[in-house]
């Protein structure tokens, strides 16, 4: 484990998180949330939590994003904040 | 200087989880859009998972899979060599819980949208008041 | 004191509750009222069967359920409770008969409900009379409050609703707001709530708190209608007259007074009251109520309101009698529970009979009514004699003992209060009689033809009137019971 | 509101950061977490269950009861979604779009009407139908089998490598979702109908809870897989290993089916007619 | 077989849930019967378990044969034994009582409804019975998720209310999880009793303090203690009536149980009640909850909404009673968990019965109900008297203990708040009685005939009434047997150190 790498990815995670809640387009937010989850799974892999990372990659970055996209598809992309 | 660095190294992951948790909490408190709130909720839950994973971390240890699989019991397994598996187990459960919550929350959001034709809380509130 | 364990007190409480399902399930009106009578007779005979035992100085106990550590829902019959239970259960029989006449004649709705709640109220009343501790007392007190609510609001109209609100506000509000904390506080300090002859909190509760507790109880039992917690009683007069008669002249209001007396003697004890000088405070509260209520009664035109204010005043006689802390005063107070009950119920029955026969509620319209309803108005006269305290009314005896009590306790001012209030009583009752019988014919609204209320109304009121005269000549067993109480309370001194 | 929220969150965060002061250092091998309970798992897993992946062993055996409820959570999410969104009756106002395959002419039938199934030359299309989806379809068809094989491998090989029922189940579910996205919802429903999905996710949880209940019937405590030794004809340690595999398969099936049903419900808003 | 009771309580409903869901596709009428059988077995087992507890003090069950702290163990003692029986009884009675209204409201979704119902019960009872802090979280999430779904199917703004509940509930549950994480970081263990054995060595650590605060915050949100109550009124108002009469009695009360369990068994009283000032401030929080809940209840115009504010006040009773930190107060809190659950069930069942016959539960719709539904309203009167706190109903006795606790602790603010809330409850419920009894106004006493009652009589079906009557009778029975309950069970549930 290299802590510098860990720190860089953590920064990415935080940026993705902030991006996901600030972007004024729900589809974009969903995709950014997917990126967030993926970065998170990388972070966990670095920390040695391979199983958790694997699950997050498939659940968080994969299926959750699909759920968000389909929910946005059934509702609206528009958002005021 | 070196001391400060050690402190930072030893704690920044915990700080990271706090920052993420607060991002999630902020989104849930301030944002008016329901899907945004749900995203905030997911971030909030992930932050806690992150916290647990950080707890499990152990320096100079490897992933919790015993590599010398089935070659008999002669190789003693030392606890210091492996990362703590327990938080990982807990977090597998927590991830699944969070995706389940996400599914239900999104279903509810769709139902809300079908009813009010809007996802913005303030617009919905004004609709409720008009009625 | 000797005690025996017997289920009879519990049966006495239970019998009218058990009558409720029978009353509800019976569709035929005659049978329904038959059940009421049956329950009333059963109740009276159970209670009467216990009287000889009590007169022998024995007490009867029965524990229903252990609900809190060291406090049970428990019944105990002593002379005081017996006196009250005898009066109320006997008058229930009479009132049941009267109710039939009154309700049928006026074609009231929901008579089934009426008889049910009446039976429940009587259960609660007997329960209060036989309570062995403060918790049981509170339980039946609240039960009585809620059971009488549908009776007070029987007409289900706007007026009924506002009176019902007032009724609940005063009665339930004061019992939850004042009695409950006081009771809990006593429980917290002493760990028991069991009534004793001499009180059980002396020496445990700091003297400073005594007067707060006494006031909490005196005002908290708002059924006793001590001013300023009295205004529910005139409001409750919207109820059908039998309700006003039995409940608001006998059962409910006397329950309030009974509770106050019970708590003052059984919890605080006479010695503690005397040493903390709370007797004086209670005396002045009671005497203020007596005078003020009598004065207000003078100004009332509605007959039932006048009777109600009269009741408020008379109730405080009883409290005054107890607060004199003298054996004779205590006997007077106890006797007044019985004497006033017979007198006042007669008056209410008469008011109801007048309403049934003529539809008149106001005194100013009753000019010359005596010629139309001579029996009713004669009974009214007897009743008012009893309440004023003129022989041969039974009330004379109780007032006599009250006056003796003031002398014994050396409370001259109270003597003055009693006498002046008797004058006031006369002032608000006798004009009615005068107008009814001796007015000039042209002022009268009524023809000189005799047209009495139906016999179901008339007979009960005649019975109670005769009883109140009879009690003047032979005040037993009430007098013996009162004496046992008084001896029990003051023997320790 | 924004500033209020920000300040509240900031204060809360500072408080939390203050709370980390006394935390043991990150990755400290001497912290209570690394010394109290977890060493037992690391050192005894091989003896107790002969599963090299400690996480799998703890997940499905030592704390297998948690995992059963985790499956139950997923199961309830599936039912909840179905309960909330599924519309059993079609609304009268719904319309359908049909396309004549030969000519490409599209027409719509309103008020809930539909063409008879014998009209083979027409195909039903989505409201947002795109004509050029051949590449996507073909790619999807090409990679879906590989994804599914991989998923099965992840489920089966959870004893030795990262992975297990959840991950495999999710991937398997994702493959169906991919099919539904690359084709359309109706053809996905043809292959994996709603009832079949429901059957699968109840089956998955039955397998898990049933294994546990079987252990009671065999005289041990709930989920004590060593009791399975008598019917699997192996020694108790291997029986634990096998027990873990059985429940992982159950978890895999349940998770797969729930992911699919969640997707179906969300993407069609409960109507099960058209999706992404 | 009896040694497996702890497993049966949870596992049988769980397996039944799957069967019910399958039966929903095959034949809908079976769903109810499967659920009834499962919950009956669960009730029976929990009763058997309580008897075992009375005999052996503690019953421990090791899942997977692993002993704690490595495996998950259920540990039933006096505290959760009694809560367990009450929850199982409530779930069972409510199931029977709401059969008709479920058939009416969810005709197409009977299968999923009963599956969710039984899963909710599984989750709730699991929370009560578990001895593992993390297992509690998972079960909490099951109970919450099913709860969200059940509430979300209600009327009007149910979906939005349920979504808000999702957000608040998730924050609450996540905070709880975080608190457990802090405990884990400090002790390395997840088993409640193992943690309790380690904690005394590190009481001064501020990690433990943070764990305490975070856990408590999460639980307060979940139990809807003022000011974290915002999710509750809407969620309970709009939810379908068969669901709410299950959710309302169980959710918040069980969370109070969790609070008591965590603070008494995990943190132990010597930590939880360390500082008098903290105790007092929590009691003041409860006082505010009671007062605000009561006042807000006064301003409501529909039955279910009013009842939900009453429940917010009732939460204050329990929390305040617990934080009085003396024996009487904690006895009162535990007793009130049981009693409040029973009386909430009673009043919400009546609300369900009313909604079965009447289009809405706003006060305008309640006119003339005493004439129309005398039996339901009779039960409502019993429930209301219990909430007001009139003897011999059970509400009086828990209030008794709470108030004596308040006096013993010298906390007169709490005593005053309880009395105030009782008085407000009198106003609240008698307002409803008045509407049901007096309105619509008419000259009944002049024109009314005697048999008018029969003409307009239209009470709920017998299948709904009988369980309701059992519950109403139970309120009185609970009151009369209070002393048995306290001396046989509850007093052993409180650790010895508390005077």
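Chains here go by letter, A, B, C, D and E, matching the order in which they are written, and residues are numbered from 1 within each.
One rule holds for everything that comes next: contacts are C-beta pairs under 8 Å (C-beta built on N, C-alpha and C of every residue); 3 or more make two chains touch, one makes a residue touch a chain.
This is a predicted model, so every value here is computed, not measured.
Peer 1: Touching both chain C and chain D, which chains are there?
Peer 2: Both-contact set = E.
Peer 1: Take chain E out and leave the rest in place: which chains still touch each other in groups?
Peer 2: So the groups, chain E excluded, read A, B, D | C.
Peer 1: What chains do chain C and chain E have as common neighbours?
Peer 2: Common neighbours, chain C/chain E: none found.
Peer 1: Where centres are the averaged C-alpha coordinates, which chain has the largest centre distance to chain D?
Peer 2: Looking at centroid distances, C is the chain farthest away.
Peer 1: What chain is most central when centres are computed from CA atoms?
Peer 2: Going by the distance between chain centres and the overall C-alpha centre, it is E.
Peer 1: Using CA atom averages as chain centres, what separation in Å is found between chain D and chain E?
Peer 2: Comparing mean C-alpha positions, chain E is 32 Å from chain D.
Peer 1: Would you mind pulling out the distance in Å between where the CA atoms of chain A average out and where those of chain D do?
Peer 2: 19
Peer 1: Take the average of all CA coordinates in chain A, do the same for chain C, and state the distance between these two points in whole angstrom.
Peer 2: 78
Peer 1: Mind checking the centre-to-centre distance between chain B and chain C? Centres are C-alpha means, answer in whole Å.
Peer 2: 71
Peer 1: Which residues does chain C have that touch at least 2 chains other than itself?
Peer 2: In chain C, no residue touches at least two other chains, as defined above.
Peer 1: Of all the residues in chain B, which ones touch at least 2 other chains?
Peer 2: Correct list: 9, 12-13, 19, 25-26, 30, 54-59, 61, 63-65, 86-88, 90, 92-93, 95-97, 99-101, 103-104, 106-111.
Peer 1: Using the touch rule from the top of the page, what residues of chain A touch 2 or more other chains?
Peer 2: 1, 50-51, 55, 59, 63, 67, 71, 74
Peer 1: Please list, in label order, each pair of chains that touches.
Peer 2: All touching pairs, sorted by chain label, are A-B, A-D, B-D, B-E, C-E, D-E.
Peer 1: Can you check the complex and tell me which residues of chain B touch chain D?
Peer 2: Those residues of chain B that touch chain D are 6, 9-15, 18-19, 21-22, 25-26, 29-30, 54-61, 63-67, 69-70, 73, 77-82, 84-90, 92-93, 95-97, 99-101, 103-104, 106-108, 110-111, 114.
Peer 1: For the complex, which residues does chain E have touching chain C?
Peer 2: Residues in contact with chain C: 385, 388-392, 397, 400, 403-404, 407-408, 415, 419, 422-423, 426, 430, 434, 437-438, 441-446, 448-450, 452-453, 479-484, 486-487.
Peer 1: Could you pull out which chain E residues touch chain B in their complex?
Peer 2: For this pair, the touching residues of chain E are 134, 137-138, 141, 145, 148-149, 152, 157, 159-160, 162-163, 166-167, 170-171, 174, 177-178, 181, 184-185, 190.
Peer 1: Which of the residues in chain B come into contact with chain A in the complex?
Peer 2: The contact residues of chain B facing chain A are 9, 12-13, 16, 19-20, 23-24, 26-27, 30-33, 35-36, 38-40, 42-43, 46, 49-50, 53-54, 56-59, 61-65, 83, 87-88, 91-92, 95-96, 99, 102-103, 106, 109-110, 113, 118-120.
Peer 1: For the complex, which residues does chain D have touching chain B?
Peer 2: Chain D reaches chain B through residues 1-2, 5-6, 8-10, 12-13, 16-17, 20, 23, 25-29, 33-35, 37-39, 41-43, 45-47, 50, 52-55, 58-59, 63, 66-67, 70, 73-74, 76-78, 80-81, 84-85, 160-162, 166, 255, 262, 265-266, 269-270.
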